[in-house]
Amino acid sequence: MDENTKDYFSKDRMNFFSDGIFAILMTILVLELKVPQIQDESSFAELWKGLVKEFPKLFGWLISFFALSVIWVNHYRLCKQFKVIDHTILWLNTLLLMFTAFIPFPTALIGDYPNNQLSIILYGFPMICITAIFPIMRLYAIREGNIFESIVPHRKIKIAYFWCPASYALGVCLSFIHVYLAYIIFLVLPIVNMYPRKLSMGGCSFEK
Amino acid sequence: MDENTKDYFSKDRMNFFSDGIFAILMTILVLELKVPQIQDESSFAELWKGLVKEFPKLFGWLISFFALSVIWVNHYRLCKQFKVIDHTILWLNTLLLMFTAFIPFPTALIGDYPNNQLSIILYGFPMICITAIFPIMRLYAIREGNIFESIVPHRKIKIAYFWCPASYALGVCLSFIHVYLAYIIFLVLPIVNMYPRKLSMGGCSFEK
Amino acid sequence: MDENTKDYFSKDRMNFFSDGIFAILMTILVLELKVPQIQDESSFAELWKGLVKEFPKLFGWLISFFALSVIWVNHYRLCKQFKVIDHTILWLNTLLLMFTAFIPFPTALIGDYPNNQLSIILYGFPMICITAIFPIMRLYAIREGNIFESIVPHRKIKIAYFWCPASYALGVCLSFIHVYLAYIIFLVLPIVNMYPRKLSMGGCSFEK
Amino acid sequence: MDENTKDYFSKDRMNFFSDGIFAILMTILVLELKVPQIQDESSFAELWKGLVKEFPKLFGWLISFFALSVIWVNHYRLCKQFKVIDHTILWLNTLLLMFTAFIPFPTALIGDYPNNQLSIILYGFPMICITAIFPIMRLYAIREGNIFESIVPHRKIKIAYFWCPASYALGVCLSFIHVYLAYIIFLVLPIVNMYPRKLSMGGCSFEK
């Protein structure tokens, strides 16, 4: 069987597939925002009051949308450096997609129960996994040697790669002091990760 | 890290990703149309009466579908002129996608509460933002100089670029006189923007 | 503005976008199938009875899935003959997508009220429009002359192009005798249109 | 009509379309996970109790997500060997997509009624069909001769191709002893099929 002799997966197909999943997720998140039930259908004040109660859902939508867009950009940045996609990269990527596809559920949880610590833990969980899989993919690719386009000189700073999952974990821990601290971190992290940095610590952020 | 030295994003990936989000949005809008509950399951008249009540939802679906298709076409028209995608363009585009991905929620709002002014304001809000981001992207690209394929001679007419968000804002304002005036504008604007114009004011419409 | 001088749209983008919408529609149709509520959770018989009541929904899912897959294939067949995409083709295509994106709603209607003639009329309506837009696109492309890859010799048989919307219209009419007659036609039409035919009447089916 | 003379379908379009459907399915599965209703909104214990009841849904999500990702990979592996896509391959693929698009429904069934044998039978049914269509496509392509890129030397081992649908069928049968036996098989099968094997029986797994 010839697909065993050259067992590499198509990079384009994997990227396309991942992009598709990211796009769908960023879109279906909005289905969680529900129209409030009000009595007087033309009352501005009553609809406003109903929408204010939706604020946690809107906030959840916002931080998940930003997190997903940063994950998408960093996924692009990491994958464009790959020369080939072997089975380990393919299944690490699938694992990444699995945790990403899970995000709408904890997003709905924090929308409904924003003050419940369990919501925050369950929101942080896939985020920690996703942001940890990026450096794991990178470290695997470095170790294998033939995956990256060029041998990149970032062998030393392995622990620094994990500052992002560590930050999400910190957010979860801080929720034991006050849930708002977790939300601040969940909001700030994607923003911090938007621009690639030339920090010597490198390979930080969601991926880069 | 080599992605910092040449920090341009893939135009194809960004276009593909945006197209995906537009396609999904135009499709999931229909999920808002609910089958009416009727007693006599085979009664033509009763089902008709139930569906007539759905008319605002159908109207909302229609204007959002058309707006999204015009946004898609204009997004195509603007982006095909770009030579490179830098970080500012990438994140302006993400902001554009964020407001676009929000559309199903206010569409549901005007479907449920068509006579409520707050619904109209919340519907107009993402539309104003989206139609404003297009000329902002264009003006940024003109200023940067190296983003457009060729130096386009549209430097002068900067204010005219913003006639479309201004029209949406006008629609929102007119709703204070009568909500129907807003709906007429929301319906007419996408139709007006369907065909590219050679108007000297240029760069008008959702994007072009 | 250079996009006015060469105002053709990208065929690849339009195809990609249409394919995306077809794929999403064929997938979200399944969301209409609801798990029945039963008392004894492990009772085979009770769940079976609940599912039998779902049969109209399952049937609706089936005929819409097949219709959409035939629309997709015929869309491919028509569009691959196009050399360029001008504005008329682009907006005819958007109209086609609009009626296609509407399909989940009447599919839900016939799932809930299979014996209601209004459901059947509303199901037939987008199907008639879709299957009519295909020959309209073809006739427009023939008339324009520069749209088809090669001048195709199918100028004479213009009325025959419309047998498919006519068949859907017939199905709707037959529902006034018995609703089942309409369903038989709705089921048979996609199957008939699966294989391209060399019939001299040509250009039949959903598109070809 | 020139599309009859050379009636092959575009492999890229078919792959793209199938990938799109797989991506959407893997994403909308999560919509089945519902936020539990609790009284005390900030109670960790109550939310935990509510989520524990969701465990069958989470398990269903997990096995379907893995099954779909394996189907995607094996679909890629099979299709990349095809030189051309004729009508039989195209419609076998559509049939494959139909059963795949059905998966969210039985996944919801086993989530709601995990101890009901009918749920398990209905979950096994599309899986048996999907895993059977892969070897049917392969056998058809071998027989036709001009479909595979190169004549592959796997003519003898035809029955072995069907071990995967047979395993799913076995899982369904074992559910008559105990439902958990079926779930173990449904969980193990995708994992077993993740890595391509060089087993002489070849062409096993979901596809390969």
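Order of writing sets the chain letters: A, B, C and D. Residues in each chain are counted from 1.
We adopt the following convention: a residue touches a chain if its C-beta (ideal position, glycine included) is under 8 Å from a C-beta of that chain, and two chains touch if they have at least 3 such contacts.
Since the structure is predicted, the reported quantities are computational estimates derived from the model, not experimental observations.
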Chain-contact steps, minimal, separating chain C from chain A: 2
Type of chain C:chain D copy interface by residue overlap (half), same or different: different
Centroid spacing, where centroids are CA-atom means, of chain A and chain B in whole angstrom: 26
Approximate Å spacing (C-alpha centroids) for the pair chain B, chain D: 37
Multi-partner residues of chain A (at least 2 other chains): 16, 20, 24, 28, 31
Chain contact graph, described as a line, ring, star, complete graph or other shape: ring
Chain C partner contacts - residues on chain D that touch it in the complex: 1-4, 7, 9-10, 13, 16-17, 20-21, 24-25, 28, 31, 87, 90-91, 94, 97-98, 101-102, 104-105, 108-109, 111-113, 115-119, 122
Chain B to chain C touching residues, read off their complex: 15-16, 19-20, 22-24, 26-31, 33, 35, 38, 41-44, 47-48, 51, 65-66, 69, 72-73, 76-77, 80-81, 149-150, 152, 154, 194-196, 198, 202-203, 208
